[in-house]
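Shared chain: subunit A. Partners: subunit B in the first complex, subunit C in the second.
Entry: the complex of A and B
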C-alpha cells in the first residue's frame, strides 16, 4: 500500500523503541551489549519453541482444523513460557556478569546497576519481538494492494503496528518487573508477569476482533508501565517534586 | 472470525498472533510464501500478454510500465460501462476487464486514446464471440508482395480484391498500456467476484474504498524501431559487463526436402535439374503472445503437403518422374514473407542448393481446410500470364490438376483472370522471375466466411471442423478420423497427383498415389491440439535461445526454433526422407539498413515473467493518515523519552540504591 503506509506503520511500531534506544542505550556501550544479548536470548527462545510447534504441526493431520487451532494455542502458550524461562536464564547470566564487571570497572561499584540491566534486557526482548512481528508485514505493505480481497479487515497493517508497539513496551516493563522480582525473591511478581504475558498472548488469538484484543492490551500496557515505574524507584513523591519544579520553572519564565 | 483463521491455517502460518507467525518464519523458512501476501494478492497465472514487435520504422503491440500498471477494476459489459471508464468513473485509471464481445476495433481505439485506461484484460471465450474476428490487416503484406507501382499497379494495394475485409488491424496498432488475455475460466470468476463485492455501483452511488484493483506487468525492453533497438543492443554488447539483449530478430528455419536427393553442400545452379516447387507456410500469428493455433490458415496447408509427400514417396522410388519435386515449408510468412524472401535471396546469390533457373514451376497450398461443395480454386498471377510462354505453362499446370482431380471428391475452378494472387509465397518468387505457378485455396476471391478468424486465436480446431465424438479419451482422439481429415486427405491426394504429373510422371501410375487418411488424421489431430507442446506450434515469435551463430548478417542473435526442429525430426522418421533446414533471418545487411526490399522485423525482450494479480486498493487519504499518525507517534515518543531520561534522577531517586553513574 505504498510508501506512506510503510513508513507510517514502521514509525508506529518502532518509534518508541527507537526513541528509547537513542536516548538511553546508545551512548553507553555496555548497555548496547546487554541489549543485543537480550535480543539474542529472545531469539533463542523463539527458535526452540518454533521447533516444537513445527514438529507438532508436521506430526499432525493438517486437514483437521480444530486440531490445528488447538496446536496453535498450545504453541503460543509454550512459546510464552519458554520466553520467560529464557528471561530468567538471562537474569542469571547477568547476575554472574555483574561480579566480573565490578572487578574490571574503575569505580568501586559496578558500572551498571541491576535495575538498569533489567530495563535494557527488557528493551532488547521487546525490540526483537517487535522486529519479528512486524518486518514481514511491513515488506508486504510496500506493494500497491491492501489486505481485504478475501474479506479480511482493511485495518490489518495499522492494527499490527499498534500491537507491535504495545508488545515492545510490555516486554520492557516485564523485564524490569521480572528482574526486580528475582532480586527480591518475590515469586508472586514473577508469576504475575508470566500470567500477564500469557493473557496478552491469548488476547491476540482473538484477532481479527480488534476491539477485543487491542484496548485490553493497551490497558495492560498502561498498568504495567505504572507498576514498573513504582517498582524501579519512582514514587508519587518524586512525581510531585517534578511537577513543582516544572511549575516553578514556568512561573519563573513567565 | 472463523473464516479468517481458517484461511491463515491453510496457509501454514498464523498471521494473527505475532508469536506464531514468527514461528512459521523461523521454522519453515522458504517453505510457505508470506501469508500476508496471500491476503492481499490473487496471482493470475493463466494469462497471456500482447507483446511488442518492431520493424524498420515502427513499433506495434503493447507495453506496460517498468513496475507494472495498476488500476481499479471495471468489467466492460455494456455501453454504460464504457462511459463510466472513459469519462464518468471517479477512480481513474481503470483496468478494463473486457468481455469477448467488446474486443473490437472501435472500443480498443477509444481505450487507446483515453488517459483513464491503465490496461485491458480480455476474457477469451467462445460465448459472446462475434462471427468474425481478425486482428490482421485487410490487405496482408501489401508492401512486400509482387504487386507494386511497377508491376500490376492497378492490382496493387488490394485495389481489385480486398483479401481480408473483416480484418480490424488491431495486431498492428501500438498500445501504450498492457493488454492481457484471461484464459482460465475459474480465475475470471474470482476476478468477477472481487469486482462484484467491492466495485459495483449500488443504486447510482459511487463505490467506496477499499476497491478491487489489478496490476499488469508486461514491460518490453525494445522501443521505436529495429534500428534503434539494434543500436542500443550494440552499445550494451560493447560497453556493458552484463550486456542485456533488448530485442531479437524474428528468425527461424525453413524446412525443405525433395523426391530426388540433392547435394545440400553444393550451392548455386544444380546442373540438369528442373524442379517443381511445392510450398506452404509454417507459421501463424495472433494478437497475443504464442496463441496462434492457425488451424485453417496454416495447419490445413501443412497437413496437406505432408500427406502429399507421404503419398508420393512409394511411386517416386518405383517410377521416378523426370523432374525433381522440391517440397518446402516457409516460416515467418506473416511478417512480410521472411521465409520465402530468404529462400529467393539465397537462390539469387547462389547460396542455395538450386537457383531460380532450376525452378520449372510452383504449386503453393494456401488455406484449404474449409471448402464447401468440394470446390477448390486455383489462383494465378495475371501480370506474368500476359507472357505467352508463361501462360502456356500455367494452363498446362491447370490442365494437369484437373486431370488429377478426376475420380476424386474435389472440383477445381479458377477465379477471374483479372484477379491478382492472394498473399502467398509465390509472390516473392514472381518478384525475381516470372515463374509459372498456382496457389490452391478454398476461397474464390476474398477470405470472408471461409476464414472469419484469420490470424487470430480463434482459428482453432473447432474452426477447422475438427470435432470428436464426446466419449473418446485423448489417445483415442489422436487417431480418430474426422471429416476434416478425410477432406484434407482428398486434397492431399489431388496435390500429390498433380505434382507427379507436373513433374512429368505417367498417368498410369496416378491411381497408386493416394494420401492415407489415417496418417492425415493423426497429423491433423496433433497439430490442432490445444495442449500439445511437443509438436509444432507454428509461431514466428516464439523462440528459445540455444546458441548464437555468427553469420554474414552481423550483430544479430540467431535462435533455433526448437519446435520446428522436433517437427522436422518427426517428419524424417515418418517419411524417411532427408530433410534439410535452412536458416531464415530477417535481413540486417549492414549497419545502414537501407535496403528497401528487405524489412527488418524484431520482437522485444521482456522480463522473465509477465504476470498479473488483483488486489484491493485503498484511498490515499488513509495512507496519509497512517503516515501522519506514525510520524506523530515517533515525535511524541522522542519527546517523552528525552524528557524522562533528562529527569531520571529526580524521578527514580527514591530507590534504595542510588546509582553512582548517571543515566
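Entry: the complex of A and C
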C-alpha cells in the first residue's frame, strides 16, 4: 500500500496521458485551451448525467439494493450517451471556431487543423475522465487501509489504474474517429464509436470479474488505436519511414 | 510632459492586452489593498510619429491595419496570453490547495473572525445561519465599496503618495507577518525544528526582496513568483477566517459587485479606469500581475537609458510623473529627450510582446474558491471541477475582452462557473462517482 502503490498506480493511469500532453500539447497555447475546454465539456456531460441519476435515486426506494444497482447501470449508459452528445457539441463548437479563424485570416488555413483539434479534444476528454475516476482512489491509496477487507478483490488499485489508462487512450482515439466521422459525414463511424463506448462501459459492469473486463477493453483499445491511426492519415508507409528515420538517426549518432 | 505617454506608444494592440478588473478589497488588517482595478488596454499601437503629444482617449487612435488582420493577430496572440494567465492562476491554486491539504491550521475552525464578518454563524439553525451569512456579506461588500470609493477619490485628487504608502504598508504586512505565520504552521505540521535567528534571517530576506521586487525593480519571474505567493497567502487567510456560508455568499456577492462596478457608468472602477485613461497613465501596476516584459519603460527614466527589462515601472513612472509635474520649466527639453527615446523604444517594442495583466484580487478569489472546495471533505473531484471551471471562465472572459475591447471584470464568469460546479459536483457528481468507484464501473 501507501507510497509504492500510489506512485505505481498514478504512473500507470496518467503516464501516457501526461507524456502525450507534454510532448504534443503543452507547447501550443491553442491546443492547451482546446484541451481544457474539452475537459470542461466532459465535465458538463458528467454533471447532467449525475443530475439525472440523482433524481432517479431520490425518486426511488433507497432500500431496494437491486433497484439501486439497476439505476446505477442505467446511469452508466446514460452517461456514456451524454458524453458522446457533448463530444458532438464540442465538435460543432470547434468547427465554428475554425471557420471563424479561417475567415479572418489571409491565407486559407487556420492555426490548427481539425484533425489536431480532434486529437486534443479526445485527449481532454480522456484526461478529465481518467482524473475523475482515479484521483480519489489515488488519494485513498496513500493509506492507511486494507484492500478488500470485506472480501472484495485484492487488485482494486491496479485494475482501477489499468482501466483508467485504457479509458484515457480510448477517449483520445474516439475523439479522432468521431471528428473524422463528423467531417466526412460517415454516420456509421460515429455509430461505431458510440456503440464501442457503450460496450466498454458495459464490460466494466462485469467488474470485479477482471478477466472479463480488462483484456477485452485492452483489445478494443488496440483496435481503436490502429483504426484512429489509419483514419487520421497514417499508413504503413509512414510507419516504415518513421522507423527508418529513427534507425538512421541512431546509426548516425552512434 | 507625461512620461506615461511612452507606455502608450508602445501599447501594441497585437498583443491583445487584456487586463481584467477586480475590486479593491480590504485586507485582514485594513491595510492592504489587495486587488486593483485595471484597465483593459487593447489599445492600438499608435503610429510612431504622432503618438507623442496626443492626449485623449484610446479609441481615437486607430491604426491603419485592416480589421481582419488585426483581429486574427489578436486571436493568435490571445491564445498565448490566455496561457500566460492560466499558468500563474494554476500555480496560485496549487499552492493554496497543497497548503490546505497538508497544513491543518488553515482548515481548523476558530472562533476568531475578521472584523468584516462580525456575525457568528450558528451551525444549529439553518435560517439564522443564512441570515447571518447574508449580513456578513453585506458588511464585507460595503467595506469594499467604501474602500474602492476612497481609492477612486484619492486617485482623482492625485494623492499618489497616500495610496503608495497604503500599498507599501499592506505588502509589508503580507510579506513579513503572514509569511511568518505560514512558515510557522508548515514547520509545525512537518515537525521541523527551527531556531529564531535562522527564521528571522529567512523572513527578513524573503520580505525585503519581496518589497523590492514588487514595488521597485526586479527580475520578472521573481516578481511574478512573489505576487503569486502573496495572493496565495491572502487567500489562505480568507479561507481560514471567513465563516463557511459567508465565504460562499461573499464570493457570489463580490462577483456581482465587480460586474456593477466595472460596467455601470457611475461605477467606481469604471471611473477609475476612465480617469486613468484621461490622464494617460496606467493604474497602480504595483499590485497587478504582469506576465511579460515591458521594454521601453526603462527608457522613460532619463537617468538610466539602458535599464533593460523593467517590470515594475509604475514607481518610476509615478516618480517621473511627480517630477514632471513639479518641473514645468524643463518640460520642453525633457519632451525632446523623451521623444527620442520613445520613438526608439516604440520601434523596438514592435517585436516585443506586451503580455497580459490580471489583478491580484482575481487570483485571491479564484484561490479562495478552489481552496474552499478542497477544504470540504476529502473529495478531489470537486476541487478539480472548480479548477477547470475557473480556467474556462477566465478563458471566456479573455475572449469577451478580445471581442469587446473594453474594460471587463474578471470575476463574474469564473466565479459563477466555479460556484455552479462546486455545488453541483459536491452534491450530484460526488455520490455518483463514489457509487461507480465502489463497484468499479467506468463511464
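Note that the second predicted complex is superposed on the first by the 236 of 254 C-alpha atoms of A that agree within 3 Å, B and C clash if a C-alpha of one lies under 4 Å from a C-alpha of the other, contacts with A are read in each partner's own complex, and residues count from 1 in each chain.
The rule is simple: contacts are C-beta pairs under 8 Å (C-beta built on N, C-alpha and C of every residue); 3 or more make two chains touch, one makes a residue touch a chain.
Keep in mind that this is a model prediction, so the values were computed, not measured.
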So, does A:245 touch the first partner subunit B, the second partner subunit C, both, or neither? first
Applying the touch criterion given at the start, work out whether A:237 contacts subunit B, subunit C, both or neither, answering first, second, both or neither. first
Does subunit B (first) or subunit C (second) touch A:191, or do both, or does neither? neither
Please determine whether it is subunit B or subunit C that touches the greater number of subunit A residues. B
So, does A:205 touch the first partner subunit B, the second partner subunit C, both, or neither? both
After the superposition on A, what does A:157 contact: first (subunit B), second (subunit C), both or neither? first
Considering only touches as defined above, state whether A:30 meets subunit B (first), subunit C (second), both or neither. second
Could you look at A:132 and tell me whether it touches subunit B, subunit C, both or neither (first, second, both, neither)? both
A:2 contacts which: subunit B (first), subunit C (second), both, neither? first
Please indicate which partner A:149 is in contact with in the superposed arrangement: first for subunit B, second for subunit C, both, or neither. first
For subunit A, what residues appear in both contact lists, the one with subunit B and the one with subunit C? 46-47, 49-51, 53-54, 57, 69, 72, 75-76, 79-80, 111, 129, 132-133, 136-137, 139, 156, 160, 163-164, 167, 201, 204-205, 207-208
Touching subunit C in the complex, subunit A uses residues 29-30, 32-33, 36-37, 39-40, 43, 46-47, 49-51, 53-54, 57, 69, 72-73, 75-76, 79-80, 83, 101, 104-106, 111, 128-129, 131-133, 135-137, 139, 156, 159-160, 163-164, 167, 200-201, 204-205, 207-208
Under the definition above, what is the set of subunit A residues touching subunit B in their complex? 1-2, 4-5, 7-12, 15-16, 18-20, 22-24, 46-47, 49-51, 53-54, 57, 65, 68-69, 72, 75-76, 79-80, 107, 109, 111-113, 115-116, 129, 132-134, 136-137, 139-140, 143-152, 154, 156-158, 160-161, 163-165, 167, 201, 204-209, 229, 232-235, 237-239, 241-242, 245
In the complex of these two chains, what residues of subunit B are touching subunit A? 1, 3-7, 9, 12, 14, 16-28, 34, 36-37, 39-42, 70, 194, 210, 212-213, 215, 613-618, 620, 623-631, 633-634, 636-638, 640-642, 645, 647, 650-657, 659-661, 663
Given the complex, residues on subunit C that touch subunit A span 68-69, 71-72, 75-76, 79-80, 82-83, 86, 378-381, 384-385, 388-389, 391-392, 395, 421, 424-425, 427-429, 431-437, 439-443
